Each structure stands twice: as C-alpha cells, then as structure tokens.
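Here chain A shows up in two complexes: once beside chain B, once beside chain C.
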Partner chain A sequence: MSTPLPLRIRRGLRLPRTLWLLPPLAVLGLVFFFPLYELVQQSLSGGAAHYLRVLHAPIFLSALGHTLQIGLLSTLGCLLLGGVLAVLLAFVPFPGSSLLSRFIDAFLAYPSFLIALSLTFIYGAAGLVNASLMQLLHTSVPPLNFLYTTTGVVLAETTFYTPFVLRLLLAAFGTIERAQIEVAQSLGASPWQVLREIIAPAALPALLAGGSLTLMLTLNEFGIIFYLGAKGVITLPMLIYGKAIQEFDYAQASVIAVVSIVLSLALYALYRLSFNRLQRDHALPL
Partner chain B sequence: MLFHSKFARRLAWGTFFLLSAVFFGLPLLMLLLAALAGQWNGVLPSQLGFGNLLDALQDARGHALFASLATAASATLCAVVLGTWGALASRRLNGAAQRVIDAVYITPITLPTVTVGLALLVAFSRPPLLLNGSPALVIIAHVTLITAYAYSGIRAGLARLPEAYEQVAASLGASPARILFGVTLPLLRPYIAAAASLGFALSMGELGATIMLYPPGWVTAPVDVYALTNRGSIFSGAALSVLLLAATVIALLVLNRLGRHPRRS
Partner chain C sequence: MNAGTPSLPLPGALSAPGSHAEREPAASIEHIRFDGVGIRYGRQTALSGFDLTLHAGEALALLGPSGSGKTTALRALAGFIPIAEGHIRLHGRDISGLSPQQRGFGIVVQNYALFPHMSVADNVAFGLRARRLPRAEMRTRIEHYLELVGMRQYARRRPLDLSGGQQQRVALARALAIRPDVLLMDEPLSALDAPLRREMLGELITLHRELPDLTMLFVTHDQSEALALADRVGLLRDGELLALDVPKRLYDRPPNRFTAEFLGQTNLLAVEIPQHPDNDDMLNVCLGKQVLRVPRPDDWTGAPGPGWLCLRPHLLSLEPAAGMNNRLDSRVLGAEWKGSHYRIELEAEGQTLHVEANAALPPPAVGNRTTLSFAPTAGWLLARDV
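On to the complex of A and B.
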C-alpha cells in the first residue's frame, strides 16, 4: 500500500530524452538556419540568369582567384612553419618548451585583425623594418612594400593560423613512442632517416587535417584583409562586405555568399574526413 | 631527442627561438610599444607613456570597450547554455543521430563570418522580426558563431566523465534533476569554464559579422580600432587593442579560477 512505485513505472512516465533536444535546436533554427534559408531565398530572387550574371562577372572571378590563391599559399605557409616548429618543439625539447607551447596556444585568443595591425608596425611603410632600412640606405622611400599586397596578406594569415596546425601536430607527435626513435638511432639511423621513417608518417594525417582546417579558415578570413586594406586584394568575404554594406546590393551579395558557403562546406567535409582518420589512427580526443 | 650532438641541438633551438620571436613575439611587442607611443618618427616609437591607454578608457573609446565586454559576456552565457544543453541532451544518441546534431551545431563556424552576418541582416530586417539596428542582432550573431565551440568542448568533457558517479547517485534514488545539478554539472565545471573562455575570447575579437550588423550606438572595440586606424589615429587604435587584449586575458583568468574544483583550491 505505501510501497514506492516500481522504478520501471516511474521511468516510463518520464519524457523521452530526445525531447530535451528540441529547445536548443529551435533556438539554433531561428538564429542560424532560418537566416540561412532567407539568404538562399534572397539569392534566388533574381532567378538563374542573375546567378549566371554575377558568377560570370570579372570582379567575382578575380575575387574567387584571390581567395583560392591566398588560402592555398597561407595554408602552405602554415604547414611549413607549423611543421618545423612542431618537430623542434617535440623532438628537440629544451627547458621551458612546454611553457612556450602554451604561449603559442594563447595566440588562439589573439583576434586575427590584431595580427594585421601588429604587422603594419613591423613591415608597414613607416614600420620598424622600413625605418631601419631607410636609415641604413639613406633614402626617404620605404624599400619594402609587400605588406599591402597578396604577400602581406599571406604573411599575416600564416602567422595567425600556424598555431592551429601546430596544436594538431603536437597532439599527433605525442603518440610516437620515444623508445622507437632511440632504438632507430642506436641502430645507426641519422636524424634525417628518423624524420623520414618515423616522424613523417605520424605527421601525415595531422598535416592533412591541419591543412584542410587552415584552408577552410583562410578562405573565410575577413579581418586580416580588411585591416590591411590591401588595394586590389579583394577576396570573396571582402566582396560580400562591399556589395552588401557599401553598395546595398543584397541580391548580388547573397549570390556570392551562397557560393562561398558551398565552398566552405565542401572543405569542412574534407577536414572531417581527414580528422576522423587522424582520430582513428591515433585515438585522439575530440 | 632528434639530435645528440651539442652543436646540432643548439642550432635547432636557435632556429626555434628565431622563428617564434619573428612570427609571434615581435608583433605582440610592437603592438604594445605602439600603444605606449607618443611619437614614432625613427625606427622605434618614442615618448612612451600611458596617455594613450588612459585616453582609450574615456568617452567613445570607453564605450567601445564596454560594448565589446557586454556583447561577449551575454553571447558567452547564451552559447554556454545552448552548448551544454545540446551536449547533455544528445549524450546517449546513437552514432548517426549524434552526427546530425554535431553537424547542426558545428555548421555555423565553418562558414565565412561575413555570410553569417549577411544572413542575419537579410532575415531580420523586416517585420515581424525587425531586429536590424539593435545590439541584440550583434549578440545573436556572436552566439551563432561561438555556440559550436561551447558544444564541442562540453561534449569532449562528457565523453571523459566517469559514469560511475551518476550511476551511484541514480541507484541511491536521486532524481534526474538532482543528478544533473548535483553530480553531472559540477563534474563538468572545468569544461564549462574552458568553453566559456574560448567563446569569450572569440567574441571579444569578432569582426566579420559585427561589421555587417552593428548599429551606430553599439560600436564594439574591433570595429572602433578599425575606425581609429583608418582615420590615422594609430596609437589610439593600438591602445584600444591592448586594452581589448588585457580585458580578454583578465576575463580568461577569472573563468579559469571559476573552473577549478573548490575543494582542490
């Protein structure tokens, strides 16, 4: 009579767990998927002819070219710089190297536009390097002018996105048995052989995952290019901003935005594929 | 150890220090110097002082910092609630359903932030959902862009949580709500703090979506730094940037402290 209800019945009265997913999904739907749907609608408002017209315009094609060029070069830069730093940090450790890697980690909290601003103080027309060179060469014309070109943008993006690659590489290197390297060396392997036979195979999936992540992020990058104000370096995000905010042309802006979204989603799929491989091979945490 | 000879090891360390100094140390140092600079005619700035920094706390500059802090704090709070809720609710889903929820949460950060801003502008510029011109739209954009990080951080935390505590609590008759608030959430505390830190830092530096959406009365610090440097007030821009970084670092330290388990203090 006063015995408590059996556990099973009490459980049965509870709402299914999946219903709890509805509130957050409804919020995300309202603030993200509904606007995305509206954006696609907006882009279709001019019909297919409008799409073709926008996508055939020289300004779009040149922006697409710049975006891909900057993205690929920056990604290459990040893989090179990140690769060298990661190998040195993981396999030639020095006292305090873990502290330094945490400092590079903290760089992730540094907004990307601040990199662009900081670099103008170093390589800008009146910056550290140009001022030194001008004093040295007794000239009043700044000898280095690369900052406001594609080169400057690539340098800034390489600086900003290298820590992303570095983190993935260090995680992958953490799974290499140190004994494996020592045994190889005691059998007479040179550093070059160790690098090629042991370190490179472990690094490959991380480089692939880091590379596709960096490529996606650099194709999407806006702040760095906006801050550098590089004349003639118009990428897709810059073009979208220009069309929407400076020309109030939402129809064109949304067509370019949709193309840009498709490009990013394709790259993200590539990143997931390579990251899943990395996770499977190395049992990395998410 | 890759190298056993002393010379090779020194060479490797030298390379490492040179690369990290040139790429990471120097930019930060020059930004700090510019923030303190009174004049910059030669190779290095001169007349260093705190004048720029103090000016940056006044009037419009101070308001920009406030707008950034208010945006970041509210966006982080919403994102952490949304992310934690989603991660907890999707905890025992099967593989395919889990992947769908993951995709729903992660998609926003795979897109250019400018397109997220444009989509919000298109969707919320006409009645009945007229939010254009309100700070709320800026905050919504930030929530959209940082919720993914909160979600994946909490999800990783949940995967590492020992299940025994919750099972013991359940077998002792604790209600699901009691288990959630008494066991699961306290165990998740460090992960929630880490997720909030990342979200806060990203929100403080967000530019791409904000510049599409900000109303005149809600100029965040990154937008203001752009306006300042564009007008030629480079030292004021650098000073505001340094204050932005300082405010971010202080917030991260506070969150880090909150994330520690109280009894392990």
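On to the complex of A and C.
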C-alpha cells in the first residue's frame, strides 16, 4: 500500500510544469491570437481580388505614404532631439539637469492626446503664437498654419516620443566608463571626436532600439492625429478608423489592419537584422 | 605572464632589489610643479596647499591610504578636475587652465579604459588619429609600441578578448604612442592578480629605464610598487604631503611616525632620551631599564624627552652577531610561520615588538626569555610629536 504513493506524488509534481503554461497561453489566445485570427479571416472574406482592390485604391496608397512619411520623420526628429538632449544631460551637467531628467520620466506617463492639445494652445489658429503674431502684424488671418498638416503631426509626435529615445540613451550613456572619455581627452581627442568615436558606438544599440520603438509607435499613432484634427493627414490607423467606425466596412478595415501589422513586423525584423549585423561587425556592448 | 604573451626584452628590475631604490634622481631640471594646489569637492577638502616638484625624467610615486588625495593630485595634473587654489606648472608655464587635450599627457588607469568597440591597433591609433599623423607614421608607431609591450601579435583582437595584463599592456602602448613627455599612471596594477602585478611592475621599471626622458607620476596604495618603481616617493595623508624622498631614505630614515608605519613593517617603541652633548653622533636612549645606542638624527635638537625608536623587524636578530651591539632582554609571546620567515612576537619592558626570524631554524618556545640584538644603525629615532 505504501509503494504507489510516491509515484503519485512524482506524477503530481510533473503535471504542473505543463499546466503552468496553460493560463498564459489561454490569456494570449483570448486577447491576441483570437482577435488576430478573426482579423485575418475577415480580411480574407473577399478573397485575393478584394485585397488587390484595397491595396491599389488611391486612398490606401496615400495613407501608406503619409504613415511612412510621418513615422520616418518623427523617428528622425526623436533620434536627433533625444540624442542632443541625452548628451547634454549626461555629459554637460548644468543646474537643474537632474530635475529635468526626473521631469522626462514623468513625461513618459503623459497621455499623447494632451500633447496635441498643448500644441493647439501654442500654435493653433487661436493659440498663443498666432494670437501674438496677428496682433503684431495687424491681420485677422493666423500666419502660422502648419499644426493641422503633416508638419504639425510630426512636431507633435516628435515631442511626445522623444523621451522614449532619451530614456534609453541616458541608460546607455550611464554604462560608459567615464575613464574612457577622460583617457580619450588626454590622448588629444576633441569633444566631437569623443562623441563620434567613443560615445556614439556605445550608444548605438540604444539608438537603434529607441529608433525602432519610436518608428513602430509612430506608424500606429492615432490619438495625436485624431486630436489635432488634421483632416488632410490620413494615415493607416486613421483610415482603419474611418472604414470600420464611420463606414462600417470591416472587410476593408481588416485588410488595411493586416497590412499595418505586416509593415510593423517587417520593420521590427529589419531592425533585429541590422542590430545583429552591427553587433557582429562592431562588437556592440549589448 | 599570461600564456602566449611575450615579456619585454629586458628582465624585471625586481631581480636587483635595492639598486633602483638607492638611485638619486638623475636630473634636477624642474618639469612639473604643484604650487600650493588646493582642491575641494563641495565642502570637503581633497587637497590642501599641495606643493610638489617633479624633475624631468624621474618616476615619482604618490603613496597613501584611500582618501589621502593622491588620485586627486594626479587627476588635477591631467586636467580632469579644476583646482580651487594654487597653480600647476609645466616647465614653469602655468597649465592650470588648460584642457586635458592641450596638456598632451599619456595616462594609464586602473581599469585600463580601453575602447571596447575598437581593435587593439585602433586603440593605440586613437591618439595618433587625434593628432592627424600621416598614415605611414601611424602604422610605424602602432607596430613599435605594440612591440614594446609585447602585444604586436594581438593587434587585430578586441580588448574584451584579452586578459587583464594584456589589456593593461595595450593601455600602456596607447598612452606611449602619442610620445608624451609625461606619463600619468593611476593605480595601473591594482586590477591585476599578484603574479601579473609583479611581472607588470618589472616591465614598468624596465620601461622607465628604456625611456629616461619620460617623467612618470605613479599613484598607488601599494608600498612595494612605489618602492620598486619610483625614484622618489611622496606620502600623502588627508590631502597633505607628509613625506617626500628617495625610497631607501624614506624607508630607512622615515621623517615621521606615519611614514614609518605606512612604509613596511616596523616596531615603534616608546623611549626616553636623556641630555646629550651636541657633538655626539650617537644617542643613548632608555627603553625602561635597558639602554640602547642609536644614530642621532640630523634635526635632533638635543633636548631630552620622550621619543619613538623605530626598529624594522628584519633588522632584529635572535642570534647575536658581529656589530649588533644593542641587546634587548625580552620574552617570547608567540610565533607565526610566514613561509619565508617566522614572525616572532616578543615583549620587552612592557612593550610589544616583532622580529622576522630565520624559517630554517625552529622558533623559540613561547614564554622563554631571549635576547634580541641589533646594530646601532638599525634604529631610527623620531620625536614623539611627529
């Protein structure tokens, strides 16, 4: 009677290992795989001809162009602005730099649509800048009218996503040995050479990670464009919203959504590929 | 030595102990001068009224415990930290306001600070690129300095593929490749294990011999490194330079108690000094009831009073020998085997002292009385207030 008991205990210990996988799989299936499956199935309901028709439609091509343009320009803006700010915060300490750094942390929790709202208060038709300029120039027409164009969207997205790049860069700069910079200076390197040859290679993985993260987020950004009310700027997420919510054309919306997902995944794969190649060629620190 | 890393062509100077330490600075042309330098970190004073002159071509070691200000002095000279007061002069010219780039010093630091994404050759080339040297000249220098430190065959490797000792050699080649006339070294051997440290020390001594025009400032907390490498040693405590002299004189004739205790093992015995005639080269000092004869320090005022008798453990003997005219009756408290010798603990006139005894002979039994002997010249007298 006493022999089978340990066997049962051993079996009981083995079972939970597989059981532990089930809850996360069930949650993933419910919130991710099932909606994705439904989306893909819905997009295929019209067959290949439907796909071709949607993908060749001028409105889709225009939205794709806008999406890539805004995504790439905003990412570039974030990398440039984030890079400059990170270098200043990490290597050129000034009074209040730590306070600014903490503010950036808090900024990450800021909702994106509030950025759009803030920019409207500053650059909008009745915003601070336009109101001042109208008074100064004695005109009733707002002189600045870029906020509701692609430029305005890029400005808003750059403002909102720069802290994401900045935070990653500051973390990467924190790992650079200060002695390396000092030795480089002692060897006669100019600040530009130190930045180019010591700091930049060490920050490259963070720059790539920040860039790819920003690119994926800006490609799928909806709230900022929606709140800015830039009517002429139709991106893929805006087009999906229009087709699904305003026109109830779920089939077409699903096709565009699938293309949007494929685009994001392709860009992510490209990022991983270039990162791995860089790591192999230059022995990146990450 | 790590496997596969060739040594410098000359043997390490550790093979000739004493010869280097006795050397007086060859040149006395002033190269670098700290002139009343003060450095503060917030409210904390790291260096205060610091005066020090380095002669051209000499190796000077700054030695001291953690927080003594030795690294601060080196970093100030390198231009990494601003000085609050005083001046630093190079060949008489005030360089206090110059950036590290403008000073042109070579520097080697504890953790090597090699650039991990560059090859060994690129690391050495870094300073040469900054100086925009022609390619052919760069190639010649890279090969020469990598050869000098025995790392030529590792030119294409990344620093992370090298051992600690190899990385430090590359750091040295990188610093020397710009042909500085001043080489600063901040604890360059601290990150290495003991055998590698000994080997690298020998190679640094060889380097100093091979580059006689190179002025070296070497910061360390390890007295054996300082004594072996330096032409002169400066001893710091709490941001003040307490002693500065050639290593042997500093060891044999320490100017104060801190130097006596920090440099090597020592016995400091409280003694009384009676009144002496001014013309006597030797003094009689009283350790309890026992009278010992020791050299009269040059700066001795002649006034009677208390003093410290400094006796190095290896200069005391349990076996009387010729010339060891001082005798000290003592009792054995313990014996500790140290491999090369026994460290015997004794008590004499209520004071504890240590002796290094021959490991080939059995140590005296604990509790036995014994007579210690030492030559009069083995003792060194310090005033009680220093």
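Going forward, the second predicted complex is superposed on the first by the 250 of 286 C-alpha atoms of A that agree within 3 Å, B and C clash if a C-alpha of one lies under 4 Å from a C-alpha of the other, contacts with A are read in each partner's own complex, and residues count from 1 in each chain.
Assume contacts are C-beta pairs under 8 Å (C-beta built on N, C-alpha and C of every residue); 3 or more make two chains touch, one makes a residue touch a chain.
These figures come from a predicted structure and were not determined experimentally.
Of the two partner chains placed by superposition, only chain C is touched by A:Ala202; chain B is not. In the superposition on chain A, A:Gly65 makes contact with neither chain B nor chain C. By the touch criterion defined above, A:Gly174 reaches neither chain B nor chain C.
Put chain B and chain C next to each other and count what each touches on chain A; the higher total goes to B. In the superposition on chain A, A:Leu187 contacts chain C only, with no contact to chain B. Once the two complexes are laid over each other on the shared chain, residue contacts for A:Ile122 go to chain B alone; chain C is not touched. Judged by the touch definition given at the top, the superposed model places A:Pro143 against neither chain B nor chain C. Overlap of the chain B and chain C interfaces on chain A comprises residues 185, 285.
Chain contact summary for the complex, chain A toward chain B: residues 14, 17-18, 20-21, 23-25, 27-28, 31-36, 38-39, 42, 81, 84-85, 87-89, 91-94, 100, 103-104, 107-115, 117-119, 121-122, 126-128, 131-132, 135, 158-159, 162, 181, 185, 191, 194-195, 216, 219-220, 222-223, 226-227, 229, 236-237, 240-241, 244-245, 250, 253-254, 257, 260-261, 264-265, 267-268, 285-286. Taken in their complex, chain B has these residues touching chain A: 1-4, 8-9, 12-13, 15-16, 19-20, 23-24, 26-28, 30-31, 33-34, 40, 42-44, 82, 85-86, 88-90, 92-93, 97, 101, 104-108, 110-116, 118-124, 140, 143-144, 147, 152, 155-156, 159-160, 176, 198, 201, 204-208, 211-212, 222, 225-226, 229-230, 237-238, 241, 244-245, 248-249, 252.
Partner chain A is touched in their complex by these residues of chain C: 78-80, 99-101, 103-107, 109, 111, 113-118, 126-127, 129-131, 158, 160, 171, 174-175, 178, 184.
By the touch rule above, chain A contacts chain C in their complex via residues 177, 179-180, 182-190, 193, 197-198, 201-202, 282-285.
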